[in-house]
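Input: structures, listed below.
You will see chain A twice below: alongside chain B first, and alongside chain C after that.
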Partner chain A sequence: MNGEAILPYLIIIPLFGAFSMPMVNLLGRKSREAWAVIISGATLAVGSAMFYSVWENRGIIVYTLGAKSPLGQANFPIRIVWEVDLFGALMVFMVTLVSFLAVLYSLGYMKHDTGLDKYYTLIIILELGMLGIAITGDLFNFYVFLEIMSIASYALVAFRNDTWEGIEAGIKYMFVGSIASAFILLGIALLYGQYGTLTMSYLALKLAESPSVTAKVALALFIAGLLFKSGASPVHMWLADAHPAAPSSISAMLSGLVIKIGGIYALARILFSIYGASISVKTVGWVIIIFACITLVIGNAMAVIQNDMKRLLAYSSVGQIGYILLGLGIGLAAYGSQTGEIAMAGAIYHTFNHALMKALLFLVAGAVIHQLGTRNLNELSGIAKTMPKTTFAFLIGAAAIIGMPPLNGFASKWLIYESSAIFNPILGAIAIIGTAFCTAAYVRVLYTFFGRPSESVMKAKDPEGTMLWPIILLVVAIIVMGLFPWQISEKIMIPAVKALENQLAYVSTVLGGA
Partner chain B sequence: MGLIVKTTARAIIPLIGIFGTYIVVHGHLTPGGGFQGGATIAGAGILFLVAFGLDEMKEQYNKSLYSALEGIGGLTFLGVAMLGMGVAFFYNTLWHNGPFFNGQPGTLLSAGYLPIMNLAVGLKVFTGLVSALTTIALYRRWKS
Partner chain C sequence: MKRTIAYLSLLFILGALLYIANPNYGLKFGPGGSEWLALRYTDNYYITHGLKEVGGMNIVTDIVFDYRGYDTIGEATVLFTAIAGAIALLRPWRRDEA
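Here is the complex of A and B:
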């Protein structure tokens, strides 16, 4: 299939869905829900077709807005380009998949809330912003999509505005997130002032030709802003409030997608594709590694002491972001070597796996909250008796996130452990410590779930179909991916790393060898 | 508000509306455009709200209509951007091939899809801002 022809529909379909939602809403509740499912389903179809096409052709798709070629009369790009390599395509697939499941889940989960036309519009806009970040090859376009994603998620975190915690978390997230976005915009402004271009690939060329202090300042601003967005320690505090306060379908998208697309993916893209040739990758790699180690330990350790189920999952997300950052950092510090490649493959693989696992865990948490009305773990003892399917799904998700061998989390964590142990044994030890904390946290939850049923739990039962099916699909995906870990790593993740590391191809595809 | 304010508002609101429309329509020729013009027209709406009060605004404002118009503004923008899908997304086929909006540069009917996009953005900004401010004005009461 021709990837270039279908690429713009990744943006067109969600935009169309979001813009037409106010009118579809006039037809009533059923049509609005059906519309949201149709739109996100169509986006999933386009996203998976795009992923397949990029994976099959092993090439980079370039799409120019406004004309056939990105170049003007001169020989440099003047138009906005969208550029998708295998890494970007994988992220597109991940975003469309989890978003579709979250929309499906919302049908049952959100039915007692009001203002749902706004909810579905925002959830589609959120998906749109993330898709835009994954496909764009233009720095300012990236910023616009980042803001679309961020503003939609501020609104969604504070969606339940009759609860005090929704408002509090929303305000905190908005203030912190706006400052982070301002950092990124300032970085872009500095780069534009210095080099006069906003196309990522042409900027990479300019940067390699004439490095400057401005570029380094801009890089520092990018790293700071994007670490904020990805929820790395010591700036993870908004995340621990935002994820519990949001509706669970939104927590699944925030934790599974937003922090990775807006944080990890953007960081990897900027570091590898723009700055790859013009900075000391070793220094930057170590900066990332230091933040990764702090994140890893703090996130997982804080997860152990939580009593609130969703807060525990939120801190666990911080911890897992630590692993992904560790892989990214080693991938940079050991750039071009086998170790670096494995570490980066582990990071990408873990990004994808964690999106599935954390979406599953948050959806399960949502089902439990929907049934029992409490997030306090102390009151949830023994739900294995009354909600067996939900508990089983949680068991699978928890085992996968710890990294039990038959499930998908094992392979991705193994790649990160292996490479960090080869790169520097101390980092390997820190990674293991993080996992020990993570295991403690999840075992604690499971111990509660399988305990003696408390009275409030006796009336609970498994959730309805629209909430159960996304959970089942994610469980199946986790188990099936767990059966073929090394094949997936060989066939998808390693090529994705090769595509990411091949900065020359990224630059020359747009410039056409100029 | 008092009588003087109301009478002045009666006189000024149409003028602001016309000036805002002028900015939107001439977006491709003079400074300004969809956002600036739309925000100006929304200023007329806000003057109405402030001068005549919330009760009068409640009678004039229709939530579904304004959200639908905002959606139509967005859809128009998207639809115009898709006109040239044969070449590329956002390809300005009206300018290159016609049949209209391809006049001499500098005249009103030039610049391809830009005037249509300005109108769409102007509509979206106007309805969006008026809806947002009316909603804030309608917000329950001062205490909880």
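Here is the complex of A and C:
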């Protein structure tokens, strides 16, 4: 299949869906829900076709908006380009998959809420923003889509405006997020002032030709802003408020996708594809590693002491972001070696796996809250009796996130452990400590779930079909991916790392071998 | 304590930004002549070819709606999102309707 021909539909379909939602809404509730499912389903179809096409051809898709070539009559890019390598395509697939499941889940979960036309509009725009980030090859365009994603997520976090925590978390998230976005915009402005181009690949060339202090300051601003967006410690506090306060379908998207696309993916893209040749990757790698270690320990340790189920999951997300950052940091610090490649493969693999696992766990938490109306773990004892399917799904998700061998989390965490132990045994030890905390947190939840049923739990039952099916699909995906861990790593993740590390190919595809 | 560190880091960021604002080793302000072509080659292209390639007399609208029209779609989406979000958050509370 021709990836270049279908690439625009990745933006056109959700854009059309979001802008037509207010009109479709006039036809009534059923058509609005059907429209949201159709749009996100069609996006999933395009996204998976695109992923398959990029994976099959092992190339980089470049698409110029408005012309055949990005260059015009000059020897530098003058138009906006999309540039999708295997890493970007993998992120596209991840976003479309989890978004589709979240929309499907919302049909049942959001039934009792008002303002649902706005809700479906915003959830499709959230997906659109993430897709735009994943496919773009232009720095300012990246910022625009980062803002689309961020603004949609601020509104969705505070969507339940009759709860005090929704509004509080929304305000906190908005203030912190706006400052982080401002950092990134300032970085882009500095780079444009110094180098006069906004295309990522041409900027990489310019940076390598004439490194400057301005570029280093801009890099510092990018790293600061993107660490905010990914919820790394010590700037993770917004995440621990925003993820529990949002509706669960949104938490699944925020935790599974937003922090990775807006944080990890963008960080990897900027560090590898733009700055790869012009900075000391070792220094930057160690900066990332230090933040990763703090994040790893704090996130997982804070998860152990939570009494609120969704807050526990949110802190666990912080902890898992720590693993991904550790892989990314080692991938940079050991750039070009076998160890670095394995670490980066582990990071990308864990990004994908964590999106599935954390989406599953948040959807399960949503189902529990929907049935019982409480998130307090102490009141949830014994739901294994009355909600067996939900509890089983949680068991699978928890086992996967800890990294039990038959499930998908094992392979990705193993790659990170292995490479960190080879790179520096202390980092390996820190990673193991993080997992110990993570195990404690999840075992504690499972212990509660399998305890003696309490009074309020007795009348609970498994959720309805639209809420159960996304959960089942995610469980199946986690188990199936767990059966072929090394094949997936060999066939998808390692080539994705190779594509990311091959900066020359990234640059020369746009400039036409120049 | 936290506040002191925050002000100190703000001061540091300001210092770094002031440092690179020096034209000798950082950003050039008002580049002209050969510097214009070295730093603003993209702008120069738009000014020279804009009229012929796009057909508008106004370079800014040529760029905003043609060369970089996709960003404008994005900005429109940002506004749409902001409006949808504001309306969504300002809707009446659930318990008020019952």
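Please note the rule applied: the second predicted complex is superposed on the first by the 514 of 514 C-alpha atoms of A that agree within 3 Å, B and C clash if a C-alpha of one lies under 4 Å from a C-alpha of the other, contacts with A are read in each partner's own complex, and residues count from 1 in each chain.
As a convention for this text, contacts are C-beta pairs under 8 Å (C-beta built on N, C-alpha and C of every residue); 3 or more make two chains touch, one makes a residue touch a chain.
All values derive from a computational prediction rather than experimental measurement.
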item: Chain B versus chain C as contact partner of A:52, first or second or both or neither; value: neither
item: More chain A residues in contact - chain B or chain C; value: C
item: Partner chain in contact with A:15 - chain B first, chain C second, else both or neither; value: both
item: Touched partner set for A:197, first chain B, second chain C, both or neither; value: second
item: Chain B versus chain C as contact partner of A:76, first or second or both or neither; value: second
item: Contacts of A:450 with chain B and chain C, given as first, second, both or neither; value: neither
item: Touched partner set for A:68, first chain B, second chain C, both or neither; value: first
item: First, second, both or neither for A:392, with chain B first and chain C second; value: neither
item: Contacts of A:145 with chain B and chain C, given as first, second, both or neither; value: second
item: Common interface positions of chain A, toward chain B and toward chain C; value: 15, 18-19, 65-66
item: Chain A-facing residues of chain B, complex; value: 64, 67-68, 70-72, 74-75, 78, 82, 85, 87-92
item: Residue numbers on chain C that touch chain A, as the complex places them; value: 16-17, 19-20, 25-28, 38-43, 45-46, 49, 53, 66-71, 73-75, 77-78, 80-82, 84-95, 97
item: Contact set on chain A toward chain C in their complex; value: 15, 18-19, 65-66, 72-74, 76, 78-80, 112-115, 118-119, 121-122, 125, 128-129, 132, 140-141, 144-145, 147-148, 151-152, 154-156, 158-159, 161-162, 167, 170, 190, 193-198, 212-214, 217, 220
item: Chain B-touching residues of chain A, taken from the complex the two chains share; value: 8, 11-12, 15-16, 18-23, 25-26, 63-68, 117
